[in-house]
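The following blocks contain the structures, represented as structure tokens.
What follows is chain A paired twice: with chain B in the first complex and chain C in the second.
Coming up: the complex of A and B.
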């Protein structure tokens, strides 16, 4: 039983690490700013889920597992927020992605209010 | 009433701090208490302590959504993994806009973050209900515009 658990958690952690590696490769290989964020987002979606999932299997039913779950929950909330902040800051400071014709909302709202 | 809420908030924060592995030595637990008060003060100072921010009453509908979201994450991670390792000519970046079905701050934050956390789609702007998303390929854009994520979030937060 223990052997199987070890193998499964090892597989989870290794595949999570591979996703993080692929995220790094993606951030380097992609052609422009916004697509680079897409590449890097591999690092903070399935990567930590798999790595922390593997660690949870190692720690079993204990307080450590609860803490790992909390870490995962906070990561799942904060990392997309950070990606959004990065992309939105780029958009508002004038870097327009290809095929974008609109006006960023914040500028629009400010314009409408004044 | 406000005082009760503040004390309750500090008690909650301290409970979390204890759970995080508190050392019950003399200078340490007082420092924990101080940090709880500090967090509360910062939160009040930023004006984030509004009631509408956290959809606690919606929490019971979240697990079902999370299960669906994790499955979507698996699918889109594999999709983007292929794009990252494959030829660059497979990329067809585009920007799409759509209206969110649920307009509460909680639902909009959940929608924006859910879009961003599934690789291949990246929320770049939210204004009122108009969500602007940068997509890596035509397929990811089509999947998003098909609207199942939007509908599911409207089910989680139906007001």
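Coming up: the complex of A and C.
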């Protein structure tokens, strides 16, 4: 029983670490700010769930599990909020995705709209 | 397993740091710092179990709180800074136009506009009017 729990917990943690690593590589290698925030924020939601879930399985039912659940809940609330605020601020400041010609209003201003 | 996870998280932190250094815009840097903070929370939780001191989880919780507030504060700072700079540039442009039309000097043209021909022979009123129309065209 204990061995199975350890194996499942280790599997969860290693898969979570793989997700986190994929997010880091995506944030470094993607060509554009919006693609970077895509990779970083998606893996920021799934990686902590897997890693902290594996730790919860190891700790059993105690106050430690409650603390881990609090950390997980807080991360699940704040990480998408921070990503949204970041993308919103970048969009409002005029940063556009690569290869995007602009909104129709901007195209009218530039006179490129056919 | 704990050590493998900790090493992977550390490698991700190094990648995020590289993006924070390389990032062309300020938002890339804020994104990298946000990632770094999240990974710090995860690393604290994992190391709490690896070392056997689960007190570290309190630190992880506090770090998650501070990280979120810090990212929002930096975003506010950047936005306020940009607004101030825009207002400053508008005010400076308006003042420049006013002095140019008053003194009869040709209004300094931006890099995107070619210099006007026959600047010396135009009267002051026409210069002021042309500069205003240029700015209205630009904005």
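Some observations on this one:
Just so we're on the same page, the second predicted complex is superposed on the first by the 95 of 114 C-alpha atoms of A that agree within 3 Å, B and C clash if a C-alpha of one lies under 4 Å from a C-alpha of the other, contacts with A are read in each partner's own complex, and residues count from 1 in each chain.
Quick note on the criterion: a residue touches a chain if its C-beta (ideal position, glycine included) is under 8 Å from a C-beta of that chain, and two chains touch if they have at least 3 such contacts.
Keep in mind that what you see is a predicted model, and the values were worked out from it rather than measured.
In the superposition on chain A, contact of A:14 is made with chain C only, not with chain B. Contacts of A:98 after superposition: chain B is touched, whereas chain C is not reached. Using the contact criterion defined above for the overlaid structures, shared-chain residue A:25 touches chain B and also reaches chain C. In the overlay built on the shared chain, the residue A:49 is in contact with chain B alone; chain C does not reach it. By the touch criterion defined above, A:36 reaches chain C but does not reach chain B. Once the two complexes are laid over each other on the shared chain, residue contacts for A:58 go to chain C alone; chain B is not touched. With both structures placed on the common chain, the touch criterion links A:80 to chain B but leaves chain C unconnected. Residue overlap on chain A between the chain B contacts of one complex and the chain C contacts of the other covers 23, 25, 37, 44, 67, 79, 81, 83, 90.
Of all residues in chain B, those touching chain A in their complex are 19-21, 70, 73-74, 76-77, 80-81, 83-85, 88, 91, 93-95, 97, 112-114, 116-120, 122-128, 130, 132, 134, 136. The touching residues of chain C, counted against chain A in their complex, run 1-2, 4-5, 8-9, 11-16, 18-19, 22, 25, 27-28, 30-32, 34-35, 38-39, 41-42, 45-46, 49, 54, 57-58, 60-61, 64-65, 67-68, 71-72, 75, 78-79, 82. Remark: chain A residues 19, 22-23, 25-26, 29-32, 34-35, 37-39, 41-42, 44-46, 49, 63, 66-67, 76-77, 79-81, 83-84, 87-88, 90-91, 97-100, 102, 104-106, 108-109 touch chain B in the complex. Across the complex, chain A meets chain C through its residues 9-10, 13-14, 16-18, 20-21, 23-25, 27-28, 33, 36-37, 40, 44, 47-48, 51-52, 54-55, 58-59, 64, 67-68, 70-71, 74-75, 78-79, 81-83, 85-86, 89-90, 92-93, 95.
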